[in-house]
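Presented below are the structures under discussion, each in the form of structure tokens.
Both complexes below contain chain A, partnered by chain B and then by chain C.
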Partner chain A sequence: MSTAATAESGKDRLFLLKVLGPIHVWALGVGIVLVGEYMGWNFSVAKGGALGSLIACWVIGLLYTCVAMIDSEVTSTVAAAGGQYTQAKHIIGPLMAFNVGLYLVMAYTMLEAADALIVGDLLTQLAEESGVTDFNAQAFVVLTIAILAFMNYRGVLMTLSVNFLITAVAFIAIIVMFFGISPWNEGVTIFHGDLLTGLPYGWIGVVAALQFGMWYYLGIEGTCQAAEEVRSAGRSIPLGTMCGMITLLIAASLTWFMASGLLPWEYLGQAMVPLYDTARMTGSPMLQTLLFVGTLFAAVASANGCINDASRAWFSMGRDRYMPTWFGAVHPRYRTPFRSIVFLIPIAVSFAFTGLLDQVITFSILSGLLGYTFMSINVIKFRRKWPLGVIDRGYVHPFHPLPALMLLTLCTATYFATYLGYGPQLLSIMVFYIIASIWFALHRYKYVARGDQFTMTWPRPAGY
Partner chain B sequence: MAKAYLPPKQTGIGQFVDSIFLIVLVYGCLMLPLLFNFGGGESAAEAPAEKTEITWQSLQQNEVMQAQWEKLGYSPEEAAELINARFDYSIEPISLGVTALVILGYFLFVLKYSEKEYRDVIAERFGRTQK
Partner chain C sequence: MSIWTIASYAAWAISALLLGWMLFDLIRVGAVYGEDFLMSAREGEDELLQEAEEEEGGRK
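And then the complex of A and B:
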């Protein structure tokens, strides 16, 4: 499989290389998400106050624990490129799969746009602090994304190895900063007692904060995009994903603790680079430099992982003819989905240029949220169609169906949270998916070979 | 086994048109509302009851808050805009109901239609069941 082509149906078809281990899975998941600790999560402070944001962080942590548990079981069993998209093809059906593919592409492309936007804002802030006026960061944004796209074009192993290094630096920066501000000196170096002001909107603000609370973890499910490229899916996917979730829960709590103890909540709620601002408040040039590098690395690692994941989902859809087959090509030398990589880059960059970070993030969050809603339905159908013991599962998550029901409930609450303050964005993204679904059902599906949608060597599903 | 469905081969022009349609859909549904500011994500500043001099005390900021704002480079006047900004969480039953119906209707449609397609996939892959 790791060599070039495998004969299938009398025709050569190129497969992706199996070169990744648990550490790459961890790097892919955490690399995409860690930027969420550096920016974006703080908009939950604007919606519900600092304490509301902390409650949202933990409640949404529960949502993502359900996601990680469910995803580990299904992905370690359906080990193929495309992740949840491929799962949907085998468990629910083509139209759902088409939508899930789009959720993945849009969630990661908008996240990539947010990353690019942060790189621009950070460089602008540095220019202002250095006394440079009329600085235009857009050229640097394009250059950064172009370099990342080129790395992705050249090969997945190099891309994710680089991601591992820069993600590790960004994570260590948060830990060093935590100890650097001496968090045990309440009232001297950190001021929760004076800066925390309760719940400014009451409990409805806490519910509203769930929307951006998702930003602490959004994208961890991206680990399963590498399913076809890991050496042992049954071991690497659950191990990499669960370690990633633990890393993020620690990083999210530390981030909230530091920022809310040094910044007034009204400022924190609208800051573009809150952790860097927190470092500025310490007065330590070393911490400020470290957090500048950390923010930059986190954004770059995230954009890198997003290019990887969005292109794989788009590639998978092209390969299955859900999208034009032109996108389903694998580079003959580098074995990467090169056309899908190149196609999605301009979309991400153009959304980055709007400068509307909270709204771009909202599109990413909503696509992710639709995907989590799908996951809760998907795992219930998966267990019904192939009960335990009928097929080999790499991992079996406990307490089924409790995680699925919990996930569905928390997703519903987060739709309501998004309605509070971002209702038009919620409706516009639903219009996008509804039109796309009608287009697929009435036009695109005729190009799809029916029987080829089911490629696993499983028995016939129960009830069919 | 059910007779295998043979999909038509899409021409290069057809693929190009589909790609353009998708780009138009992304920009039409997602970019235009952003560029023309259809709403959402706005927190309005509460107007002060009467025109008074803005001070840290009038903004109800304690000494620590005041020190942190000043470290960030904000004067009371500049900070007032951020401090007084508030989201409006009043719920309009009609818009909430429409939003809920759109999400629910979307999922029902996708699941129902997928089920129909899935039966074709399974029939072709495993053969039709005898009734």
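And then the complex of A and C:
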């Protein structure tokens, strides 16, 4: 080790900087997700009608409430970067950890690419409204990723403080619009009585809508990636995650209420920017501008949080040698996983340059869904191996094992829903993870730091 | 040349600058600091805990 290093750090070991609090955890979780309120959720309307979409919104809300509760409990004990990857490593085993790590990196990197594409699409729309027809958005897609990666590189506190501000603006925009349309004037400013038409495709349509219902909440589980950088993981992670989930349930319900009360379901089901279109229906230039800014901020906040989370997962896998150890480095000045951040930039840009927004997001959603399935099994094993009272928990989720079983059931229903609409993609991503698992088992596992990776000072698990 | 075309060139230039700086810094850090030091972060340990332990040790 160089003298300069010791002198600069003041210690002989580097750590990720512990500077975050509950608001940063909230900003990370809600920031990743809120873009789903501005767009994407409405494809559930095309599958199940407006009422079907509302059922999907609340059923999937239940799925994510289970995710948030389970995640809060496990992360309050496993306070390390990597989130669910680290949980899997300690509770289930290396092959599951490798897969969960890959789910996380793929889900967040693809979502980041999709968010950058959305920024490009919004600017294209703005340019077209200004009369420009040959606008090329690629430069702005790369710029979005470059600026956000630069912020992430330079420090987590600034990154997530910015995320808090822009996420708050995007959330407040939804609240302002709700009051702006005077929702108490049914039949005058809002028209649920005329526009709600039952279930156009019956209950199978509602099941098919579940897949797109995930857009309302996809990514809230990302809060636990901050576990190694919060000052008090046992308190901050559960508080930030649960407040984030409450925020999203409010935002999702308001979004559905406004859009379904102003736009017919046939249009809503295929709109690219449904909330912005709803604002246009009000005829208020102020609301339109606010919603345009809200959409832009929500997409940027989501990409920002995704860079943070994907890099932490990749960094953790490098640190345990599931991936080359080179990625497990911490920047001596900024205390960020800088090599992982830089490594994932070209991958995100490559996904973004495909321009296939729906395909990229479908793969992201499927990776997330695989992760949720893991969580239900994980928490059951966690409670069996370390029952209540054996180790300190910052939060204990209620009614165990009901949330785990409900999560597993809802994940199964969502797999079926995904199969109905995106069968080939579902099968191809399964094949991808099976091939990756074979590679890990036959080649990579021999490099894994098998003993050193178990870092929690827990007693021997029950039954071992 | 429209404002959008100029903005597009500026976006490419700023992106190149930011990405170039990160790459430069990444190489510089690798050259200045030892790999063992850069990869010394250990899961489950943190400086707050270390500081608390040091303070406790100092009191004794």
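We take it that the second predicted complex is superposed on the first by the 451 of 464 C-alpha atoms of A that agree within 3 Å, B and C clash if a C-alpha of one lies under 4 Å from a C-alpha of the other, contacts with A are read in each partner's own complex, and residues count from 1 in each chain.
Definition applied: a residue touches a chain if its C-beta (ideal position, glycine included) is under 8 Å from a C-beta of that chain, and two chains touch if they have at least 3 such contacts.
Computed from a predicted structure; not experimentally measured.
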First, second, both or neither for A:Thr325, with chain B first and chain C second: both
Contacts of A:Ile345 with chain B and chain C, given as first, second, both or neither: second
Which of chain B and chain C A:Ile377 touches, first, second, both or neither: first
First, second, both or neither for A:Val431, with chain B first and chain C second: first
Larger contact residue set on chain A - chain B or chain C: B
Touching partner for A:Tyr447 - first (chain B), second (chain C), both, neither: first
Touched partner set for A:Trp439, first chain B, second chain C, both or neither: first
Partner chain in contact with A:Ala127 - chain B first, chain C second, else both or neither: second
Touching partner for A:Pro94 - first (chain B), second (chain C), both, neither: first
Chain B and chain C contact sites that coincide on chain A, given as residue numbers: 325-326, 453
Complex contacts: residues of chain A adjacent to chain C: 1-2, 4-6, 11-16, 18, 79-82, 86, 127, 130, 132, 135-136, 139-140, 142-143, 146-147, 149-150, 153, 228, 231, 316, 319-320, 325-326, 328-332, 338-339, 341-342, 345, 453, 455-457
Sites on chain C touched by chain A in the complex: 2, 4, 8-9, 11-12, 14-15, 18-19, 21-23, 25-26, 29, 32-48, 50
Footprint of chain A on chain B - complex, ascending: 4-8, 10, 12, 14-16, 18-19, 21-23, 25-27, 29-31, 33-35, 38-41, 43, 61-65, 68-69, 71-72, 74, 79, 82-83, 85-89, 91, 95-96, 98-100, 102-103, 106-107, 109-111, 113-122, 124-126, 129
Residues on chain A engaged by chain B in the complex (per definition of touch): 46-47, 92-97, 99, 106, 191, 194-195, 200-201, 204-205, 208, 262-264, 266-267, 269-270, 277, 280-281, 321, 323-326, 343, 347, 350-351, 354, 356, 358-360, 362-363, 373, 377, 415, 419-437, 439, 441, 444-451, 453-454, 460-461, 464
